[in-house]
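Two complexes, one shared chain (chain A), two partners (chain B, chain C).
So, the complex of A and B:
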C-alpha cells in the first residue's frame, strides 16, 4: 500500500486526486435536483454577501422616518422596519454577518473536533479519559447556557455566538468522528506505517485526518445551519449580535414585537433563514451520499481511497464507557476490510 | 452495570467541578471588580469596598471559590442583590413555567416525530415519503422565534386567523388555575414541539433505515413478518436505546428555543430572569443559578446515559464481560 514513488511525485498526484475527488463530489451533488437547489441557494448567499459590501439598494444608515413599517413598494421591495430602514438592504448586509458567524463557528468546531479526536486516540490513558469526560458530559449543557456564561464578561457580541456554538458542535463532532478515527488508526495501513517507524503524530496526520474529512464536511454543513438558527435565538434573547449590527436574527427580532400590527414585515427574515438552513441541510444530505464511494461511482472510478464511514445524521449519543463496544465494532470493520483485501 | 453507573457518577462530579471553575472564572475576568460593576458607575470607593466586604469579594479567589462551593453544597445559593429574595426560591418559581414547557414540548415532539419517522422508514418510495421528507426538512429549519410568530398569527386569540389559544401571558396565580395555565402553554409547546419533532422524525427514520438493512429485519421477515411490521416491532426495539439518547440530547438542544419562545409568549419563566440578571450584573445570583442549571442538565445527561444502558441488552452483556475479564 505504501507507494515507492518519489515524495514530490507522490505529492503532486495526491493533489491532483484531491481536486478530482472534490470535482466528483460536487458533480454528484449538482446532478441531483435537490443538490442543485442547495448549491444555487448557497452560491446566491455568497454572491449577496460580496454584493452588499459594495452596494445595497438603500444606504444602511438611511432611515425613512415618514415610511416606517411600510408595505412593499418599488423603493422598498420588502418594506421597511420600525425606524424606516429598508428591510432588503439590511437583510443583504446581514448575510455577511451570518457568513462570518458560520465560517468562524465551523472553523472553531473543526479545530475543537480534531483536537478532541486526537486526545481520544492519545497513548496516555489519562488524556483520553479527560477527553471522554469533556465530550460526553459537557454535551448535555445547552448552547444557551454556555452563551449566558460567556455573555457575563463579553456582553452581546458575535464572539458569544461563535464560541458557544463552536464549542458545542466541536465536542459533538469529536464524538461522532471518534469511531471513524479509531477505525483508521487501527487499520492495516496505519499498522504498516507504525511498523515502518512512523511517529503517532505522523500516522494521525497522514492516515487518520484524511479519513475524517467526509464525516467532518457532512456534519459541519449541518452545524452551519444550526449556527444560523442559534444566532437568531441568542440575538432575540439579547446575548447575540449587538444592537446596530445587521444580521438576520436582528431583523427577525426587531419585527417580532410588532407582529400583531405589521405581520408582513416578519415574513422576510424568517423565510430567508429557513431557506438557507434548508439549503445547508440538503447540502449536507447530498454530501453524505456524494462522499460515499458505494453511491458515488465517480469516486470509485478514480480509485481514490475513501474512508469507511461517512457521518450519519443521527449517531445517537453514546454513553461514556461504551468505548469497548466501539473498539469491538472497529475490530469487526477492520476484519471486513482484510477480507476484502 | 454497577461499575458503569459508578463510573458515570464520577464523570458527573468531575464535569460539575470543571464547570464550576469555568463559571467562577468567567465572572472574575470581568474588567474591573465584581463589586464595582454591581455598585454602579457613579458610586463612591467606600460604597464599593463595603459592598465587596458584604459579599466576601475582598478575599482571595481560592477562598471565594471554596466559600461558594461549601455554600452550594449546603444548598445555600445566596440571595439576589437586587430583590433580596433567595436565588433558590426565585429559580424554582421560574422553573415551574420552563420545566413543564420543555417536557410538554418534548412529549409533543415524540408524538409527532416517532410515528412519522416510522412511516418514513416503512414507505421507501411514493408521494407520502417525499412529502414527509420535505415537511421535516422545512420544519426543522424554522427559527423557533419565527415558528412561534407564525403560530400566533394563525391561532393566537385576538391576533390570529382562528383565535383559539391565548397568544401571550400566563395566569397570575400560576398553576393555581391549572386549566388556564395549561392552555397558555399550548401554543408555546407546539412551537418547540413541531420544530424538535421534525428533527426527531429525521433521527427515527435514519436510525430505522440503518436497522432495516441489518439481519434482524431480514430474520423477522424470514419468520413470516412483513417488512413494514418487522420495522415497526423489531426495528423500533433495536433503535430504542439510540432514541432514548437522542431524546436526552434534544432536551438540551431544545432549551435555546424554549427560552426564546418563553420571551415571545411573555411567560414568566427562566429566560426573562436569566437574561435580566446577566444584564443587571446581579453576579452572585447569576453565578449560582447558572451552576444550578448546569447541574440540572448534567443530571439529565446522566439519567439518559443510564437509561440508554438499561434499554440496550447488548451493552449489559458487554459490561458483564468486561467485569469477567478483570
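So, the complex of A and C:
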C-alpha cells in the first residue's frame, strides 16, 4: 500500500482541490459545443467591459451633431443615435453597466435565496411559516411595482434595478430550491451526519447547500439574463439606469420609438442583449451538468488526473484494487468457517 | 464503554412504541438486538441517543458509562454522538451524500469533535480507509462510484474515525447481498474488537447475528402482563403481522447467549425469527434437520 496517495499529494497545497474542481467544471463546459459558445460570448463580454474602462473608439461625451442617426461608416462602425453619439462606444461602455447589474443581482438573489431556504428549514415552525408567508406575499408583487416603489426614494438608479430584481428573483429562487433543500435535509445522509454529532447549521452547510448548486446554477443564470431584460424594460419606463449612463437598455429605449425609421439603432443593442441572455442561459444549463459528479467524470477523476498519476482520466473510476483483494482474501477465509444454523 | 438501558418506554405522539425495555451492553461486548420489521429496534437506539423528533417521548433510564442519557439537551447529545458513540446505518448509499467526496464525509466527525490540522485529518482518514479495506485513493471518489459493500465500508469508516467506545450498527447488512453481508459483519466485529469498543448490533436476521454477537435480545410484542398494565391507548390491534403495531408497544421478550437462543427459542417472536433464518440458510446438509415451525397463536404469517 503506497503511503503517498494522489489524494494527499493533491491536497498538499491549500486550495489546489478547489482549483482542480474549477478546471474540471470549465473543461466540461468547454467540451460541449453550446458550452463553448456561451464561454466565448461571456469572455468577450468581460473583455469588452475591461477594455471600455480604458478605451472606446470615440469618447463617450462626444456627440457628432452633423451625423445623427447615421448609418455605419468607418468612423462609426455601428452608426450613431439620435444625438449623434457613437453607437459602438456607448454599447461598449454599456456592457460594464450590464455586468454590474448582473453580478450584483445574482449575488443578492443568491443571498436572499439561501437565507429564505435556511429559514424554511428552521427547527422553529414559526420561523419557517413566516418565511413562507413572506416569500409568497412578496412574490405576488410584480417586479415593476417593486421598482416603482423603490424609485420614489432612490430615483432612477442602478440600485432600483438591482434591488427589485435581486429581491424577486431571490424569493423565487428560495421557492424553487425549497423542495430540493428539504429533501436533502431529511435524507438519510443528513440523519447519519446528525448521528455523528453535527449541528443543524453544519448539516445545512455540508449537505444541503451542495445539493442546491444545480438548482442555483440554472436559476441564477436565468436571473442574470432576465436582469438584463428587466434593466432594458425599467430604463424604458424611466426608472432604470439614469440618463447619461451608458447601458444597453438605455441605448435600446432611446431609439425604440424610431424603430420603423432607423431600425439599425434598435437592432444593435437588441441583438447584443439577445446574444448575452442566450449565452447566460446556456451557460447555466451546462454548469448544472458540470457540477454534477455523476455526469461530469472529470470532477470525480480529479484526484488521479494529475500529471504524475499513472492512469490519466479513468484511474479514479477503478474499484479499489489491492485493498479490496486483501479484504476479499480474508473474507473468503471467513466464508469457509460459515456458521451453520 | 457500557450501555445500560433500563425500563425505557418510548411513545410517539402518545402511542406507545416500546414498553419498559431493558438491555445491557457491557465493556468490550458485542450484543445483538433482534426483532421483526416494525418492532421498534431502530427506534430504541435512536431515541436513547436523542435522534428522535420532539413528538417522541422517552421515559426510563439509559446509562452510558454511568452518564444518564435520557433528558440530555440537544447540545449534550450532539457532543456524545460521533465522539463516544458511532452509528452505522442500513442503506450505505443513502447514508452518504451523493455530491460530497467520500473522504470529506469520513473526515466530518473528526472535524466536528477534534481540532486537528488538515494534514493530520487526512492521514487519519487514509489510515481509516485502509483499515476498512478501501484504497486511500477512494477518498476523492463520490459515493455512486462505490459498490454497496464499498459504501458500507466507507460508512463504517465514518462511524469509527473518531474511535468511539460504543458502536450502534442499525441493520448494517440488510441492504447488502449475502456475500457482502459476511464480509461486512466480519469487518465490523474485528474492527470493534481491535478498538476495544462495544457493539450493539441491530438486525432482523439471526444468520447475521450469529456471526457477530455473543449475547442477544429479542424484541417482540409486549407480554400479557404489560398489556394489562398499560391498556390506555384506544386503538384496537388490527392483527397485522407487524409485532410493533400492537397498541402497547414492544419489549424484550427473550434474551441470552445467541447460540443457545438459536437452538431453543422460548418466545414466539424468537422462534419465528429463528425459523425464518433457518429457511433462508436452507441447504442440503441441514435440510433433514429442519424443524417444524411452531404454530403461531396470533394467526400472524411469517
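In this section, the second predicted complex is superposed on the first by the 272 of 341 C-alpha atoms of A that agree within 3 Å, B and C clash if a C-alpha of one lies under 4 Å from a C-alpha of the other, contacts with A are read in each partner's own complex, and residues count from 1 in each chain.
Here is the rule we use: a contact is a pair of C-beta atoms (placed from the backbone, for glycine too) under 8 Å apart; a residue touches a chain by one contact, two chains touch by 3 or more.
As the structure is a prediction and not an experimental result, all values here were calculated from the model.
Novice: Is A:138 touching the first partner chain B, the second partner chain C, both, or neither of them?
Specialist: In the superposed model, A:138 contacts chain B only, not chain C.
Novice: Check the residue A:152 against both partner chains and state whether it touches chain B (first), chain C (second), both, or neither.
Specialist: A:152 sits against chain B, while chain C stays out of touch.
Novice: Between chain B (first) and chain C (second), which, if any, makes contact with A:270: first, second, both or neither?
Specialist: first
Novice: Figure out whether A:252 sits in contact with chain B (first) or chain C (second), or with both, or with neither.
Specialist: Touch status of A:252: first partner only.
Novice: Using the superposition on chain A described above, determine whether A:57 touches chain B (first), chain C (second), both, or neither.
Specialist: Neither partner.
Novice: State whether A:239 touches chain B only (first), chain C only (second), both chains, or neither.
Specialist: The first partner, chain B, only.
Novice: Can you pull the chain A residues that chain B and chain C both touch?
Specialist: The overlap between the chain B and chain C interfaces on chain A comprises residues 316-317, 319-322, 324, 328.
Novice: Taking the touch rule as given, give the residues of chain A at its contact with chain C in the complex, in rising order.
Specialist: 1, 5-8, 10-11, 14, 184, 187-199, 202, 206-207, 210-211, 213, 292-294, 300, 302-304, 316-317, 319-324, 326-328, 330-331, 334-335, 338-341
Novice: Using the touch definition up top, name the residues of chain B that touch chain A in the complex.
Specialist: Against chain A, chain B makes touches at 4, 7-8, 11-12, 14-15, 18-19, 22-23, 26-27, 29-31, 137-138, 140-146, 149-150, 152-153, 158-159, 202-203, 206-207, 210, 241-246, 248-249, 251-253, 255-257, 259-260, 263-264, 271, 274-275, 278-279, 281, 283, 286, 290, 293-294, 297-298, 300-301, 304-306, 308-309, 314-315, 318, 322.
Novice: Name, in rising order, each residue of chain C that touches chain A in their complex.
Specialist: 46, 49, 51, 78-83, 86-87, 89, 91, 94-101, 103, 105, 108-109, 112-113, 118, 122-123, 126, 129-130, 133-142, 144-145, 147, 150, 153, 155, 158-159, 162, 179, 182-183, 186-187, 206-207, 210-211, 262, 274, 277-278, 281, 283, 285-286
Novice: Which residues of chain A touch chain B in the complex?
Specialist: Per the stated touch rule, the residues are 132-134, 136-145, 148-153, 225, 229-230, 232-234, 236-239, 249, 252-253, 256, 259-260, 263, 266, 269-270, 273-274, 277-278, 281-282, 312-314, 316-322, 324-325, 328.
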